[in-house]
């Protein structure tokens, strides 16, 4: 009942969507986060293909390897993209302007999280088909369920990336520091994501992958809650 | 601040700390080396258990304390809480390191391999990495207030994610038969239980002594840098 | 108690330490609605910290800061922040958005009702930047950024206007526009708290003067008490006095 | 073998503790130096 206070109920949404639109416009004009993310994700796939010697591999081995490589590519691309996006916010000293405004800090976190999530999903739109092609996976998958699993896992990564990314950028350090802080904490997401994806790539369903989809959901909820609660502490001195 | 001797502890406290540490160490070694019987299958290496497991418990204790201190710091912004948090992350990391070193030594002897992706070891490794991050954040910032704030956030995020890390690693490895059940665990001999409890108390006493010393050092560190900043300030004012 | 309707900004034994360094020690201060306060002090006296505390950009380590009677750390802080217009050392502008887009974004963030586009255009004309409304902020000069930041801080008609060295980067024409804007803010009844190192220029628009030194209030009195040279001398004296504070 | 490994386990653990204590002592010594410098 206190949220936003200065805004009416619709006012918070209007302010948040104005911020979202401004960030989107910036991204469309510069491509500063998405372009390096796409490049990075593709490079991870190619490097994996070369180092694991994919052409020599049988279909079973390829299928076993694919989920891990997919999630490695997702995780690192997210780190690169969020570090970029949040670093620009810092360089232009915009955090302060946003904190100054009456916009509720939880709403601020929500907007930045949503942006991270959408960046991740945009990368996956390219990355998943590419993985299927590179790893020569059978196309008969539950695509909708795969999309849901990716959404949950990417959402959890985006929540950690938003909270800890705003922290590393306030230190003036970029991707390396963010990786060090995010990846260990994100290990449940990476385990659950790979396990779920493995089942789905083998033609199974989310139910077959139990309990991993539940872990994805739980980590998403936990990290969103932590982000919303701690975001102000990271940003306000 | 009143005049302090050129040590964080002062002589009486240093002696008390040393005595506490020594008592803890002796209790641990007595239980593990003298009192406990030799385990039939694994032999003497099983005695690492009396050191390894209490170390893991104390690592967790340190990290939970760091998380609580972090929350308190963020709420009050009083550097006293940060001093506790700083000390607790340091000792927690020490015990976690010991877990990671003694674990493989045991594994090498008992199972013939240095590393297994055994759930408890894997969890310890991940935990250790999380809290190294919390220490690293401090090294990176030159602004004491900022590093305190950020280290608090990492400690909280780390501690609250630990249960999920623990559960998921266990489920991940859960389908495999684990050798970690030392014999039938319920059938731990009574002498072994006594030695285990002695180890638990001993390591905790050692931890308390180290934690106190690290805490006082952190306090002294803050006090000294405050006076240095003040002196600097006065020099500039002139 | 002391928080009547007439108080726009109140510090209740507010202190702020950064680690071990005391930036502001136990400040108690009320600024009445419609009043104009000029803040003076040597470098490192805590002026910017005081203003940032008032804007909610820095949290106090002790005491409270109230704006319109609302604690900036409380659950209704959003309502208080809506009443504040703050101009600091940085512009807080989006480099890749145009001047007009920047103003519209901030208008939305502050929940300004009505046509934000028309509002932005009106303000761009006011600061003499109507011509560059559609240009992205990237590449603007320091003075242009400062003008735009000023519009960003004032367009939502804040009841409490906080300005940290607002003349920075402004040319004579920009300073004239700033003076006009300040008069306009006062005319509509806004409360003003302003840091300035140019006492002689800022003094005519101030009701009271606050002198800070080493995080403490060294003097607080009616602006008319001294002339500009007198206040400047007081600041200089505070800067050299051996820590009466410590 | 088993006994040697046990020895190394305890030795490594206590070596780590010694390292920690050593670092703490060194830090205290350096803090003491800084205090002395301040008082001069």
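Letters A, B, C and D name the chains as they come in the text, with residue numbers starting at 1 for each one.
Assume a residue touches a chain if its C-beta (ideal position, glycine included) is under 8 Å from a C-beta of that chain, and two chains touch if they have at least 3 such contacts.
Everything quoted here is computed from the prediction, not taken from an experiment.
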Pair sharing more residue contacts (C-beta pairs) when A-C is set against B-C: A-C
Centre-most chain, if every chain is reduced to its averaged C-alpha atoms: A
Averaged-CA centre spacing for the pair chain C and chain A, given as whole angstrom: 38
Distance from the mean Cα position of chain D to that of chain A, given in whole angstrom: 41
Inter-chain centre distance, chain B versus chain C - centres from mean C-alpha coordinates, in Å: 47
Chain centre separation (chain B, chain D; CA means) in Å: 14
Numbers and ranges of chain C residues touching at least 2 other chains: 18, 59
Per-residue multi-chain contacts in chain A, two or more chains: 237
Numbers and ranges of chain D residues touching at least 2 other chains: none
Each pair of chains that touches, named by its two labels: A-B, A-C, B-C, B-D
Chain C contact footprint on chain B (complex, rising order): 76-79, 143-145, 148, 222-223, 225-226, 229-230, 233-234, 236-238
Partner chain A, residues of chain C touching it in the complex: 18, 55-59, 75-79, 81-82, 84, 86, 88, 90-97, 101, 104-106, 108-111, 136, 152
Interface residues, chain A side, partner chain B - complex: 160, 163-164, 167, 170-171, 173, 177, 180-181, 183-185, 187-188, 191-192, 195, 211-212, 215, 218-219, 222-223, 226, 230, 233-234, 237
Chain B-facing residues of chain C, complex: 17-21, 42, 44, 59, 61, 214, 239-240, 243, 246
Touching residues (chain side chain D, partner chain B) in the complex: 1-3, 5-6, 8-10, 12-14, 16-17, 20-21, 24, 27-28, 31-32, 34-36, 38
